[in-house]
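Take this structure, written in structure tokens, and hold onto it; I'll ask about it next.
Which chain is which? They are A, B and C, in the order written, and residues in each are numbered from 1.
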Amino acid sequence: MFDDIGNLMHGFAVVLQPQNILLMVVGIVLGVIVGVLPGLGGANGVAILLPLTFSMSPTSAIIMLSCIYWGALFGGAITSILFNIPGEPWSVATTFDGYPMAQQGKAGEALTAAFTSSFVGALFAVIMITLVAPLVASFALRFGPAEIFSVYFLAFCSFVGLSKEPPFKTVASMMIGFALGAVGLDQMTGQLRLTFGSETLIGGFDFLIAVIGLFGIGEILLTMEEGLSFRGKSAKIDLKVVIKTWKELPKYWMLSLRSCLIGCWMGISPAGATPASFMSYGIAKRISKRGNNFGKGEIEGVIAPETAAHAAGTAALLPMLSLGVPGSPTAAVLLGGLLIWGLQPGPLLFVEQTEFVWGLIASMYMGNLVGLIVVLTCVPLFAAILRIPFSVIAPIILVLCAIGAYTVHNNTFDVVMMLVFGVVGYFMKKANYPLAPMVLAIVLGDKAEVSLRQALLGSQGNLGVFFSNALVSTVMTLALIALFWPIIQNGLGRLRGKGAAAPAQ
Amino acid sequence: MSDTAHESGGAGPSHRSVEAGVAVVVAAVGLITVLGSLKVGIGWGDEGPKAGFFPFYIGLAIIISSVINLYQLFTVADDGAVFATWDQIYKVLTVVIPTAIYVAVIPYSGIYVASALLIGLFMMWLGKYSVLVAIPTAIAVPIFFFITFERWFLVPLPKGPIEKLLGF
Amino acid sequence: MSVTSRILSFGAAAVVGAAFAIAPAAAWEPTHPVEIIVPAGTGGGADQMARTMQGIITKHNLSKQPVVVINKSGGAGGEGFLDVKNSKGNDHKLIITLSNLFTTPMATGIPFSWKDMTPVAMMALDEFILWTNAEKPYKTVKDYVDAIKAAPDNTFKMGGTGSKQEDQIITVALQKATGKKMIYIPQAGGGAVAVQLVGNHVDSTVNNPIEAVAHWRAGKLNPLCVFDSKKLDYSEKISGDKSWADIPTCKSAGLDVEYVMLRGYFMPPGVSKDAVAYYIDMFKKVRETPEWKKLMSDGAFNTTFMVGDEYAKWVANAEKVHEDLMKEAGFLAAKSN
């Protein structure tokens, strides 16, 4: 343990060299650009820049690349809040309250809350990595298909039953999401399904195309219908908003702590940042006193998903380093980078490459801090984008959406699909179908399906596999409690009403 | 979004008929899913549950919930709300139609030329900007994207005859 | 126009394109950026190889034009292959292959074949090794095969990447050799497969060397045998006193299964001969760089290099082998799809 602290201090010494600090700032700025332009996800950005880092030392290279990663994570929140276009799966939940806030003229507050929460989440996860890395890595090994499925199941259960829309519209919406997610190649059997012989459908419906269409284009159509202006664009925006928001944030410490814990746990179990953000949002909505206000521009609804997503995104680097399993496409590219520099991720990385590992961990602390400073200074600038008249910004957003949709598979058909999703999103929203369950199902549906089928295949169809050990039983039970929570709460309330001794909670 | 009828000034298609239409389309999606699943098999095979196992039940759930939605729609009295006024629909179409054309020409003209036209026309037609403002913006934005994507990040986007003429 | 277009800069980390590279003797040269299509996702073996080559080409100024890597992984890579097939005569497009060159059209019916493309060069062959968890009592192939034979069908679980692809083909061949059925559990990526084995959620895997080597060195996994016709070349110690070269071939250990995976390049149909010659020349230079040699030894690759007719003949033969194995396993797509 003391060795580790010493190593970490040494790591800081490496990271704080002027040259490395410069790389950090460059990395963050590039990352933010990559995160804001929907055509360049974090994975793309890192992949494209990877070859350029071969001439650097591995430590410098990983500092720059991981800063691109942080920058892209920060950047993803910007488009979610300003334009309702989540660039990455884990930014979807941020749009639910972030975009309404921006429309009410509170873009500055939403951005500050999002950036600060990201920082808190990531910091919490880094501290956890510093203190308990080896322990955590062995925990990740306990996740087989059944355990992974139980985690996805928990994510779904803690999110459904949330929306105010009619229940059967929620079901229909989520099921359509599952159906869309199923199109293309079935990973388990290597068979094409629901493609009906079409060559353009073999790639399936990518989440990004659906989201860019449903949220981004759909929102432009809704705005058009209401007349040519973004509401509340006149809000005064300057750096004071950061300080003002910061004064508010400490009172949400309980929410932050809970979101950090959810994030870390989901990051280590290989489920990742997306279920973490949805789950954290869902639980926050149920527990918060202001739960009914979620979805209408509630700051808690920005803090919860952002904190959890970043805690998870950061915690996911641990299994990558110690087991060689990437938690996200971006992590997968970073992993490739490690191999190219001759570093073998695995249990021995922490023993053999101490300088590199602790340099990386130190750069996580510093990179996040530098990132926070960079993006916070730019809050007024980002928020000012909303002042551009709609008739100028709308076609530019359309172009950005088209670029984003094209680059997912380098396919012009996807751009057509994007517009179709946009029109569908307009109709669904106006006909009172919630979009969030559909998006959740597109993102996680096929993964959940695959792990369920893997588990059933392994047990030869025996459902007992989902209650076969303490870990999986606990998670499944938690999920069922989450699913039936309204009923349970109701029951408890009645017990109390009768004056019976209800258990605490 | 149940407050759509607040601008009840104009006439338009009734909310109820559009919602019924949406429910029917949703049910059709469910039916397609069921049929597609049956084609790949919905039972238990060597690889565990077959490829259509899941989507089959998903499709059924879509059809059932859509039928319930339809039923509920027609059991309450029609409140006479409009889905959107004709004027609003016209405004939405002013975005949808140019975007549809934009999307359709990308494979032939490349994305940059199409984007310049979209931005320029949108600004002049809907934003009532003068040519002097619209044209420079329409040219500058695609050039910015070109430099960012093609040159810095080496992400090739669709290009057409004009780019070819310039040697890209 | 091409002078400005060649300048690539990235703030402090500027690496300037090869404006003054020594021109190869070949008459043909690329006039705009060269695309390498990867018919698989980011982070996999083919992707890593393509991106490493991109880095080597940039670093050593082997091309006047930038090289761009593009992933088209939809439909088990079918999307990427269809793109190349439909880019007739495009001298600026290459595709790196893995076994899905053969397995995807056979298993899914997506209409393409290597004959629709122009073969360029075989860069290497990727090896497959039979791995078990080190906590299990199997020290040799014989121990493991005996255990499989002693148990009823569907007792042992094999983890692998993808469905009806190389890992499952090897599994089917193993089943044939042992006479017992195994449960094949497909995962999305090779790293995840190895971790499922370390966590004891499956009984064995056929991971590529690079996917499992870290766990071997940590003493978590044991390599039992390699599915090649000869032992591996690399005699540097990896785990304890064992090196890659100490792993017996499966055939010599009594398990008659052989399989290697092509890592090679193809181009669209109808490209010029000069362009093909240019890329072959470039690949030869890539093979001489230290970075490439390091990639080869890290991944314990078989470094066979082939071009021209020899390469085409090898591919034709490999296709036949895949067709036989897949037909036997019942993996061929129904004709109606």
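Rule of thumb we're sticking to: a contact is a pair of C-beta atoms (placed from the backbone, for glycine too) under 8 Å apart; a residue touches a chain by one contact, two chains touch by 3 or more.
Values in this document were obtained by computation on a predicted structure and should not be read as measured data.
Chemist: So which chain ends up in the middle if you average the CA atoms?
Modeler: Of the chains present, the most centrally placed is A.
Chemist: By the contact definition above, name the pair with the higher C-beta contact count: B-C or A-B.
Modeler: Between A-B and B-C, contacts are more numerous in A-B.
Chemist: Averaging only over C-alpha atoms, locate the centres of chain A and chain C and give their separation in whole Å.
Modeler: Centre-to-centre distance between chain A and chain C: 31 Å.
Chemist: Just give me the whole-number Å value for how far the CA centre of chain B lies from that of chain C.
Modeler: Spacing between the chain centres: roughly 38 Å.
Chemist: Can you compute the centre-to-centre distance for chain A and chain B, using the mean CA position of each chain? Integer Å is fine.
Modeler: Roughly 24 Å separates the two chain centres.
Chemist: Taking each residue of chain B in turn, which ones touch at least two of the other chains?
Modeler: Within chain B, residues 47, 154-156 contact more than one other chain.
Chemist: Going by the touch rule set out above, which residues of chain A reach two or more other chains?
Modeler: In chain A, the residues touching two or more other chains are 186, 188-189, 191-192, 410, 454, 457.
Chemist: Please output the residue numbers of chain C that touch at least 2 other chains, ranges allowed.
Modeler: In chain C, the residues touching two or more other chains are 10, 70, 163.
Chemist: Which positions of chain B touch chain A when the two form their complex?
Modeler: 1-2, 4, 18-19, 22, 26, 29-30, 32-33, 36-37, 39-40, 44-45, 47-55, 58-59, 61-62, 65-66, 68-69, 72, 83-84, 88-89, 91-92, 94-96, 99-100, 102-104, 106-107, 111, 115, 118-119, 122-123, 126-129, 137, 141-142, 145, 148-149, 153-158
Chemist: Applying the document's contact rule, which stretches of chain A touch chain C when the two form their complex?
Modeler: 22-23, 26, 29-30, 43, 47, 49-56, 64, 140-145, 184-192, 197, 199, 202-204, 270, 319, 323-326, 329, 332-333, 335-336, 339-340, 342, 344-349, 409-411, 450, 454, 457-458, 460
Chemist: Name, in rising order, each residue of chain A that touches chain B in their complex.
Modeler: Within the complex, chain A contacts chain B at residues 33-34, 37, 39-40, 44-45, 48, 166, 168-169, 171-172, 175-176, 178-179, 182, 186, 188-189, 191-196, 217, 220-221, 224-228, 389-392, 394-396, 398-399, 402-403, 406-407, 410, 412, 415-416, 418-419, 422-423, 426-433, 449, 453-454, 456-457, 461.
Chemist: Considering the complex alone, what residue numbers of chain B touch chain C?
Modeler: 47, 150-152, 154-156, 166-168
Chemist: Okay, in this complex, where on chain C does chain A touch?
Modeler: Result: residues 10-13, 15, 41-43, 47-48, 51-52, 54-56, 58-59, 69-70, 72-76, 78-79, 82-83, 103, 107-110, 154, 157, 162-165, 168, 183, 185-189, 191-192, 194-196, 198-199, 201-202, 210-211, 213-215, 217-218, 220, 291, 294-295, 298, 331, 333, 337 of chain C touch chain A.
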